[in-house]
């Protein structure tokens, strides 16, 4: 659902990452980490274009569903691979990071850079409203396992991790169902709430045949998966070399890489005074992460035989809640200016500082 | 202040409950619990009609006060009886449940069902605003004893339950006084903020004589009290048979029963496109619980010689805060649609799941 | 940036405080505390007038900066002296108290007293919006050290107070930089958002020469410093005599004294139906405390060689968050009435009760 600036020259990092990975004896894991991270960005862009092209061919309803599902494919693949290796801390951190990254970093940069060119920029607040409320609902849902844990762990009548998993599964199901209601609302019953963004996007897609789109989709997805494999595989040694925590890597680094394509598009749209698109991309992407990617990862974790709960650490819960709250305040009037960008970025920096200083905690509140 | 659909056929459960209760040897406590619960619903409806009829006879000011005071009579009676038996956990849970039930379940169903018939429904947001702010104030007040407890319990200089009771009493007094200010505001100085709802309701009341209204009020209240006695008396064995917790019974079951009359009215009004009334009933009822019923129960607890504090458990505090927050977001624009109903109901389901899985904790944070 | 009613007759307390302080043998510390507190109020008024007069002479940009910097001079001096004596608990409590005092007490009294004369009062909500968002950002920033502490203290890999100080320092820097962005926004790029308040204030300043203004500024500042010294020096014995806690003294007493001049101006403006000014003063003053005074106090603490972190106690964090949240709700529609005043004051009273009952805790969560 997005058109993007060309980041294709970054594709050069894909073969470099391959060489680094398969060089006999292995070279620097840090170099591999960096090259894989950068390589994912343009390939994720190709997934996006192929999805849009395919969506344009299959008709509106199914197309919207496709866009909604593959919109965060890169994010989902990286997290899925981390999940398969049992790195649930990284998975949860990347969910947190994707939400706050979209809401604070992407939207903040868009409003700041757009605001330096235009005194005031407008966007359709009706659509933003509905999406923001869905995000608040997601924030409430993601706080609940933490509230449960804090309360249950002091209960005299005992408590088991199994109950926590069941609770998380139930929450994942509710979020997943809500997501499809939200899609139905935005693609069918109340399309006009989201119209101005829709209109501008329609023109932008590639005109590929269905077969070509599917082929590109498969190839690009394969590459993202391979690069994600390298990325996730080197997190541990990068973490150790730089003395940063797993959570910091997940919240800041992985999240930025997984969402880089959306990031650049949103910012460029803001600078073209299409704030509607910027806001739509940033909020829409957060929404997908919270209501679609997070539940799917929970379901996947059962397929991998290592059930993941949705209990986030206190700083993660706080970061998500604070971001969504400030988004609600800023998006309320349908207007943006540069100081709102500064306000969002300030919150991002402060949260980044928090995660930077936070000592390693292997399981959130255990 | 409400007109209601006929639930009178449910009155059949009143004699059934009587028989079950006084049958020699006693029968199933679960059957008694269910029949009492269902029986309360239509009788509570009669209290409502008698109150309105009486209010119409005594003039506007006193009438408004009467409506405001007896509007949650069923809720107050059930909680009062639980209080007299020392079941403070159930009392607090039913306060929590009434607030979230009105805000999430009633309003959610109204918006969803109304929204399936009408694309967009409007309500007077000025009145809703003031009431929502009062609810936020109540949420802040109800968090404070928990904050106090968490902080005081780690204090080196000691802390006594007596201080907690005094704190709760002071808060109850402030809420109680604020309630009368809010009434004065809505019935006297700023009536026009709430007008459209008022107008539509005026026509609806029964035309009973003052004596008839008082007689019906007394009889209905007596029956609600008796049925509440049965209901509360069987909570313990129902709890044990079904393996659910006291808090779950209080938050979900008791709260739905105590507010069923308002529930059905609000939903029917929404389906008649009188969203103003639906919103007024749901928010107004929560407000009465938070600013009037909760303080009165604290005062009553002193009369019973077993002082109750207002310290709620963390999940209860969270549930109330989250509900009121999402209500604030949804009521901000004076318009509703079906997805807003889904959003409120999703939060209700998620909170219900939380309370379902939560192990028994006899005193919240002790 | 404010014009004030005459509180000059209170100047009589300045010599009385001097006499009490230097009387051989010393008299009652309580009397000295009270007289110093009252004496600060009119002298702080003179700092304000001198600042405005000076600001009028040095041109708009620098003048705005001057007003912004000296607007909370009394507050800063009192806290600075408490800091130099190592009373970080009092310093933090007075930051908390100044924020909630401005938002709840000042604005609450303004809306209530203004609302008894005028049914509805209007203010420019665009400016209030931006400022409220900045306050939310500050609230998020001030919660972070507490979140860090709660999480880090359970970390297996250890945690040091030094990390907490670094975190607080980083947050202070971000807030400080944000403050200058906010000033640039309100004084330069988006002046018109704040215009109506600006206009009305322009006429009000004194017409003093630059030299006279500077002289008065220096003299008044010296007196405030001396009186603050007395005030802070007697806190301990007042605390002991009355059995109240350090935190209560800081949050309620010191905060009211430090902000009394703004308080009276804001209320008088409200009663003259200049609600724009009232809101501007109350929100602006909170903003200065949160984004300017708090960071400066952190920087000062390093100069004094006793680094202060920004970790507030749970009740303080809660009080600030709740106040800013309710402010956001109330200021959203650009209109005020008396019930909104009652709502703000109710929250203030409830928080006051909380701080009154709270037992002494020397370090917040240690």
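A, B and C are the chain letters, set down in written order, and residue numbers restart from 1 in every chain.
One rule holds for everything that comes next: contacts are C-beta pairs under 8 Å (C-beta built on N, C-alpha and C of every residue); 3 or more make two chains touch, one makes a residue touch a chain.
Here the structure is a predicted model, which is why all the values come from computation and not from measurement.
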item: Superposition of chain B upon chain C: rotation angle, C-alpha, nearest 5 degrees; value: 120
item: Same or different contact residues where chain B meets its copy chain A, judged by the half mark; value: different
item: Gap in Å, rounded to a whole number, between the CA centres of chain B and chain A; value: 39
item: Chain B: positions in contact with at least two other chains; value: 332
item: Residue ranges of chain C in contact with chain B within the complex; value: 119, 313-315, 318, 322, 325-326, 329-330, 332-333, 337-340, 342-343, 346-347, 349-351, 353-354, 357-362, 365
item: For the chain C and chain A complex, residues of the former touching the latter; value: 129-130, 132-134, 136-137, 140-141, 143-144, 147-148, 150-152, 154-159, 163, 166-167, 170-171, 174-175, 177-178, 181-182, 185, 189-190, 328, 332
